[in-house]
Each structure stands twice: as C-alpha cells, then as structure tokens.
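Look at the two complexes coming up: chain A is in both, with chain B in one and chain C in the other.
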Partner chain A sequence: MKKWMQLALGVLTGVGGFFDIGNLATSAQAGASFRFQLLWSLLLATVLVIFLVEMSGRYAAVSGKALPDAIRERFGFKFWAGPFLILSFIHVLVLGAEIGGICFALHLVTGLPVPLLAPVVGILVWLLLWRTTFSTLENSTSVLGFLTLAFVVAVVVHHPPLREVAAGMVPSLPHHHPAQYWYIAVSIVGAVLAPYLFYFYSSGAVEDRWDKGYVGVNRGISVIGMGFGSLIAVAAVIVAAVVLAPRGIRVDDYHQAALMLTDAFPFWGFVLFAVAMGVACLGAAVEVGLSMAYATAQTFGWTWGEDLEPREDARFCLVYTAAILISTLIILFGVDPFKLTLLTMVISAAALPFVAIPFLLLMNDRKTLREHTNGWISNTVTVLVVLLSVVLAAVSVPLTLIGGS
Partner chain B sequence: MRTVASRLGTGWWAAMALATVFLSCQTQSPEQVLLKSAEPVASWLATLRMTSEKWAANSAPSRFVRSTAQAADDSFEQAERDAEKGEASPAVREPFHRIFADSRSACDQLRRAAVADDRAAALPIARRLAALQAELAALRKANEEPTS
Partner chain C sequence: MDLVRDVLDKQLVDREGEELGRVDGVILEIRPDGPPRVEAFELGFVVLARRIHPRVESWLERLRARWSVRKTARYRIPWATVQEIRESEIQVDVRAQETPAYDWEIWLRRNVIRHLPGGGE
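Our next item is the complex of A and B:
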C-alpha cells in the first residue's frame, strides 16, 4: 500500500515537475509558429527523458547514491569539476528563467512591473526552501502543478484536427523559416531534458530512502509521471496551434501567449494561464534551487538534505540562497524572462553531453548495480541520447544566431 | 574517457567555427532586411487585435492591455527605426515605414483607451488593427514575389 502511495505521489511529482517555464515557452512558440509540426520533437524528448529519469531513479534506489555523488565517486573530482561548473551556470540561468516566469505570472495578475516583483518572488522561493521539508515541497508543488491540466481541458474544448495532430508526431521538414524551426526543436529538447530534473529526482530518491524494492515504483513514476507531464506540454502546443497560429501571432514575448486559454475559457482563461504559469514556475524554481544545492553538496562531499535543519547543513542552504539571490538579480536588472528562457533552453541542450555520457558509464557499472545494470534497450537509448546531445551541442549556438528571436 | 571527451570538444568547436564562417558569408539584401523587420510587426498587430477583442469581451483586464500595448510599441519603434536607417530603396521603404508609424499610433490609441478603462473603444481599435494587418500582409506579399 505504501508503495502505491509512493507511486501516486511520484506520478504527481512527475506531472508537476515536468512542465515548467521552458516547456511553456517552447510549446507556445512551436504551436504558434509551426502549428502541430514540431510535436515530434516533444515526443522524442519525452521518450528520452523517461529513460533517463528511470535510470537516475534506479541508480539511486540500488546504490543509495544520487547522480552527482556517484559521478564524483566513480570518476573523481577533477573529471567532474568542469561539467559541474557548466551545469551550475545552467542551474542559475534556469532558476532565473523560472523566477522570471513567476514574476510575469504575478505581473499579469497585478500589473506591477516584472523587475519590481523579482525580490518578492526570490524571497518567497527562498522561504519555501528554508522553512519546509522535502515531502511538503514535493507534494504541494505537485498537487498545485495539476492546474496546468487546464491546457489539456482546452484541447478537448477546441476539438483540434486529429489527423493534422497525428501527422505532427512524425518528423518532417519545415515549410518555412527552417532556422527557426530547428532552433525551436532544439529548445524543446533542451527544455524537456533539463539537467536539474535528473539531479533533483535521484537526490529526492535518496531523501525518500528508496532501496532496491523501489525499482518497479521508479519505473512506474518515470513512465506515467513523465508521460502525463509531456501530455500537458503537447496540449500547450496544440492550444497555441489552434488559437495563436491562425491569427498570425508568433510568440516572442509572454504577452503574446497570455491569451491562449481565453478562447476555451472566455472568462477564466486569462487568470487560469497566469495561475498555471505561476504554479508551474514556482514548483520548478524550488526544484532547481534544491537541485543546485544537492549537486554542489554532493560534489564537495558536504552534508545535505532538505529535511535537515539549516544549522545542520549550512553550506547546502548557503548554495540555494546564493543561487536564488543571483537569479533574482538577473530579473531585477531587467533581463527579459522570455529571452532568458529560450537562451537557457538552448544552452541546456548544448550541455547535454555532460549529462548523458556519465549515464552511459554509471548505468553499466556491474559492481554497483549488479542485476540492475542497463539492458540493451536502455543502453541503445542512452547511446542515442549521447549522439543526439553531441549533435545538439554542435548546432545549438549557430542556430541561436540565425534562428533565435 | 578524457580522450573521448577532448575529441568531442574539438569536434564541437570545429562545427561552431564552420557554422560561424557560413553565417558570416550569408548576406541579406536591404529589402530582405526590411521584410524581416516587418515579421514581428505583423505578429504584434495580430496580438494587439486579439487583445482588443478579448478586452471588449471582458476576457482580459485593462492592465494587461496596457502592458501588452507597451511591449508592442517597443517592437514597432524598433521596426520604425530600422526602416528609417535601412538601405532599401525609398519606393520600398516608405510604405513599410508608414505602416509601422500607423501601427504605433493605433497601439498608443489602445493604450490610452486602456488607461481610461474605455472598453467601448476596443472594437473600433481592433478594426483599425485588422486593416493595418491586411495592409502589411499585402505589402509583404508584393515585395516577396519578385524574389520567390
């Protein structure tokens, strides 16, 4: 019974954790500019993220170690120091994008300028991390994350052309703006395969004291949770395709996406969008802040744990405090949250080799994982992720130059 | 492991360098630059039109209309400036410049109506924005045809 509860909670976490500002921005942009044509990239990224999340949870359940901890232990600090610095930089940018998303959601409701809201939001995120336990954070943000299902309901209301939607699931070449098409495709992959997701998930498994008995639960959470999360992102693409594209609206700013639910829900659509955006970003901001602290503490071998009192793991708390402060300053100094989000997603995609290659090596460590090492399917997918990540790393920056908004 | 990583690193930088060389070799004619600057204007005109219609239908608050008009104005201003500074021939440039200026004027009209909370003005402004959208679309099509 306890494991069923864990599965249910894990699925909720998956749904809540999957859909964040990166998914919202890239989905809205994809649907508005290319209707259903980029759905394939979301599906591809979803399959890959399911495998990677499953592996990170399996490793944690069997070895009792989270990913950064395992990478440092297996390959040494010197090997991990470079990727760690790059991934920390990405963590700060993602946190800035999430804080910017919360600020924009509040801006929609209050009309106050986004930079002015940044300190309030920064303090809110920090207080959540400082005062609450891991399970409270996990469960509350996950349940609130269900508000993003408004996008799925909107799809039902709109009755999109199913044949066109299905056709979008198959990769195809763009009919116009090829650079922008590939730029958004890369951004979608970067948004779904966000490094923080794996570090947060595996560290969360250690916080929840998973053991080998949780391997099955982990598989269920990965498939159902990530699958449902992806469903919300797919719904956002479809809603943007049905509402924004026919009007000729291209999403280069969050203002251009804010009315996408008002055709389905004329009175509540605007508020629903603001609340869904705010809640999704708040959940993600908390996860990114924790992930940054987990990765840093595990890299340097410090005491860590969200359930510990701040005085027991002061350096762990200092890391998320500093990360929140820097990210808040980015928004306070007037950086456009939308542009920051897209740039961050592309940089995330470029940094994927640092995430994917250790997976391949760790998951084949027979000494630690024994009968739980990767099978040929998981290894094939991981090799695919590694190859894809190298290609993405090579093309992401040039695509930003020619396809970015 | 380190050798593989360093080889990947070399390949990545080589691809980046190639792409940068390729990009630097690509040049656009002044007319193409002008057409490109019209793309965000068309998108913002559509956004403002939808915003006006939703405001009229009580689906969006006045404060959102104000901030959207502000964001759109930034884009229109940029396009107007680009058109002024651009090297396209005056015969091509002037009609675009006029539409960009008219777009700014319609945007300001919407912003002022939102400040005054005058929802009755929303639909006439939406019609003005629709006319500008159609005019810009026709102009873009006319200037795209010879190159296609």
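Our next item is the complex of A and C:
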C-alpha cells in the first residue's frame, strides 16, 4: 500500500512533466489547425515516454542512482560535458516558458501585463523549492493536478464525433499546409519527450528511497502517471478541434488557446483554463528547477536532496535559485511566453539524441542491472527512440523555418 | 580492476557517507621497478577542464586565481585513505567538511544561504 502512495510521484511527473506549457501550446495548435488528425503523434510519443520513464525509474530502483549520476559515471566527464551544458541551457529556456505560462494564467485572471507578474511568479516558484520537502511537493502538485481534468470534462460536454477522433489516432498525410503539419508533429514529440522528465523522475525515485522492490510498482506508475498526462493532452487537442477549428481560430498566442473551455463552461471557462494552465505550469516549473539542480549536483558529486535544509546543500539550492532568476528575467524583459515555448520545443527535439542514446547503453549494463536489464521489447523501443531522435534533430530546424511561421 | 571504468568519475563519499565530489582525475606514480601505481585521486574544476582541453584548463585556472574561494585548484586524496570501493561509490577516510572540496559549499552557506529567509541555523 505504502508503495502505491508513490503514485504521487508518477502523477506529479505526469502533470508537470507531461502536460506542461509545451503540451498545452502544441495540443491547442494541433487541434485548431488540423482537428483530430495529429492525435497519432501524441499517442506515439505517449508510448515512447512510458517506456523511457519506466526505464529511468527501474535503473534508479535497482542501482540507487539517478540518470545524470549514472551517465557521468559510465560515460565519463568528457562525453557528458557537452550534453550537460546544452541540456542546462534547455532547462533554463523551459523554465522560462513555464514561468511565462504561470504569468499568462495570472494575466488572464488579473489583467496585469505578463512581464510585470514575472517577479512575483519567480519568487513563488523559488519559495516552493526553498521551503518545502519533496513529499509535500509531489503530493500537493498531484492533488492540484487533477484540476487539469477540466479538459476531459469539456470533451464529455462537447460530444466529439468519435469516429473522426478514432481516425486521428492512425497516422495520415495532411490535406493542407504539410510543413506546418509536420512541424507541429515534431513539436508534440519534443514536448512530450522532455529531457528533464527523466532526470527528475529518476532523481525523485532516489529521493523516495526506492529499492529493487519498486520495480513492479514503477511499471504501474509510469503507465498511470504518463497515461494521465497523455489523457489531458489528448483532451486538449479534442477540445481545440471542436471549439477553435470550426471558427477558424488559429493558435499563435495563448489568448486564442484561452477560449478553449468557454463553450463547455460558459461562465467559468476562462477562469478554469487559467487555473488549469497555472497549475500545470507550476508543477512543471518546480520539476524543471529541481531537475536542473539534480543534474548539476550529480554531475559534480555534490550533496543533493530536496528534503535537506538549504544550509545542508547550499550548492544544490544555488543552482535552482540561479536558474529561476535567469528564467524570470527572460520573461521580465518581455520575451513572449508562446514564442519561447515553441522555440524551446524545437531545441528540445533537436537535443533528444543526447537523452536517448545513454538509455540504450545504461539499460543493457548487466553488471549493474542484472536480471532487470532491458528485454527485447524495451530495447526495440529504445532503438526506435534513438532513430526517431536523430531524425527529429535533423528535421526540426528546417521545419521551424518553413512551417513555424 | 579497470581504472577508467571502475574508478574515474566515480562518486566519492567521506567516512560519514557525505558526498565529497567525484574522481575527476587519477594520479599515477611511475616506478622504475614495477607497474605504475595509483598515488591519489585528484578533484577540482581545473582537473575536469584539462580533460576537455588544456586551453580550457589554463583559462579556468586564470579565472580561479581571481575569483575562487577554494584554497587549492587541485585537491588530492591519497589512495592510502581509501576505505572501501563499492559498486556505486568509493569511501575515503577523510572528513568532507575539512577538505577543499567543501570550500565553496561552506562559503555559500556563510555568505549567501544564511542571509536568506529560512537558510539560517
């Protein structure tokens, strides 16, 4: 029973890591521009992310080591230094996008300009990390995360054409705007397979002191946690398709996305959207900040842990403090959160090989994992992810130039 | 035992189990009458920088001389202090708090963390 309480870690990872600002933006875009036709890319990404999350949790449970720790140890500093720097840069951009998302949610409710809200939000995120313990964070975010179910309720209210929804789950060629179609498909995969997800989840498993007994639970948590995140993202695509597409509303700003829930909930729709967006981004901001600190502390072998007092792991705390500060400044100086989100998704997709390749080698390390080494199914999926990541890395930049505008 | 696979980049912990850093470099002693012997582990950003490129090392060295609070650029832990080599970490018989590896941590505690709300003793 106690083990299954760990579901909170899965739901936190699912809400913050899966359904975050990137998924909100790409789901809204996909639904508004191509209705249900891009659902398949979301499902494909869901299957891949479930496998990768399960692997990172299994590795942590068996070896007691989180991913960045294991990568530095197995591959050495020279291999890891480059990816570590690139991923740190991505972490700061993603954190900026999430903080921008919280600011935008508050902007919807208060009417205050987004940059003006940035310092308040930055301090809020920092205080959460500074003053709370890991279990408080995972439990509170998991509970708040259920507010994002508003999208699922909206789907039920709208009675979408089920046959068309089902048809969207099978890949098909676009009838119009092919460049934009593939660009959104790539962004969806980039948004779902966010690098910080795996660093966060495996470090969280170490924080929660998992051992070999958690291998089975971990499997359930990955499926349920990521499944939950995916359910919300699928619902967001469907709502955008039913509400925005018929009116010809294209999403190139969060203002248009904010209209999504107003049909299902005429009076409360706007507020509900703001709350769901705020909660999802807050969960993600906490997660990205921690992931950055975990990765840095583990890379250099410092003391780390969200349950320690700040004076016990000063360097760990300094890392997330600095990351939050820089990300807040990005929004304070007026960078548009929506444009920042899309840019980040593409850079994330381009950096995917750095995330995917270590999995293949770590998960087949028989000396550490013994009987928990990857089987052929997991290995096939990992190879698929590696190949896909290389293709995505190659096409993401040119696609942005043609399809992004 | 394979030095690069089993020792280099491994987590170091002190005698109380506190994280001390990682094995950033290994110092070998060349002996005329036998195979080389491991003399010490070497720790520090400068040591890491050298593994990337000597130029990064000299650049970081200059930066360190100016700004760092660390007493030494390279900190050596003698091989003689090794207590146990486990699968995931190496335990050495020193106290982390008293080594240069902790200089930054202690400096931050005293000069930054303590002045923030909730960061005091």
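Here is the rule we go by: the second predicted complex is superposed on the first by the 395 of 405 C-alpha atoms of A that agree within 3 Å, B and C clash if a C-alpha of one lies under 4 Å from a C-alpha of the other, contacts with A are read in each partner's own complex, and residues count from 1 in each chain.
Just so we're on the same page, a residue touches a chain if its C-beta (ideal position, glycine included) is under 8 Å from a C-beta of that chain, and two chains touch if they have at least 3 such contacts.
Bear in mind the structure is a predicted one, so any value in this text is a computation, not a measurement.
After superposition onto chain A, the modelled positions of chain B and chain C are compatible, with room for both. In the superposition on chain A, contact of A:311 is made with chain C only, not with chain B. In the superposed model, A:301 makes contact with chain C only, not with chain B. When the shared chain is aligned, chain B comes close enough to touch A:266, but chain C does not. In the superposed pair of complexes, A:76 makes contact with chain C only, with no contact to chain B.
Angle at the C-alpha centre of chain A formed with the centres of chain B and chain C, after superposition on chain A: 130°, rounded to the nearest 10.
By the touch criterion defined above, A:131 reaches chain C but does not reach chain B. Set against each other, chain B and chain C touch different numbers of residues in chain A, with B touching more. Of the two partner chains, chain C is the only one touched by A:63; chain B is not. Of the two partner chains placed by the overlay, neither chain B nor chain C lies in contact with A:208.
Looking at the shared chain after the overlay, A:111 reaches chain B, while chain C stays out of its contact range. In this overlay, which is a superposition and not a single complex, chain B and chain C have their closest Cα atoms 14 Å apart.
Looking at chain A, you'll find no residue that touches chain B in one structure and chain C in the other. On the side of chain A, the complex with chain C involves touching residues 63-65, 69, 72-73, 76-78, 81, 130-131, 300-304, 310-311, 313-315, 317-318, 368.
Partner chain A is touched in their complex by these residues of chain C: 4, 8-12, 18-22, 24, 48, 51-52, 87-88, 104-105, 108-109, 112-114, 116, 118-121.
Contact residues of chain A toward chain B in the complex are 75, 79, 107-108, 110-111, 247-250, 252-253, 255-256, 258-259, 262, 266-267, 269-270, 353, 357, 361, 390, 393-395, 397-398, 401-402. Those residues of chain B whose C-beta lies close enough to touch chain A in the complex are 1-2, 4-5, 8, 11-12, 15-16, 19-20, 22-23, 26, 39-40, 42-47, 49-51, 54, 57-61, 63-64, 66-68, 71-72, 75, 133.
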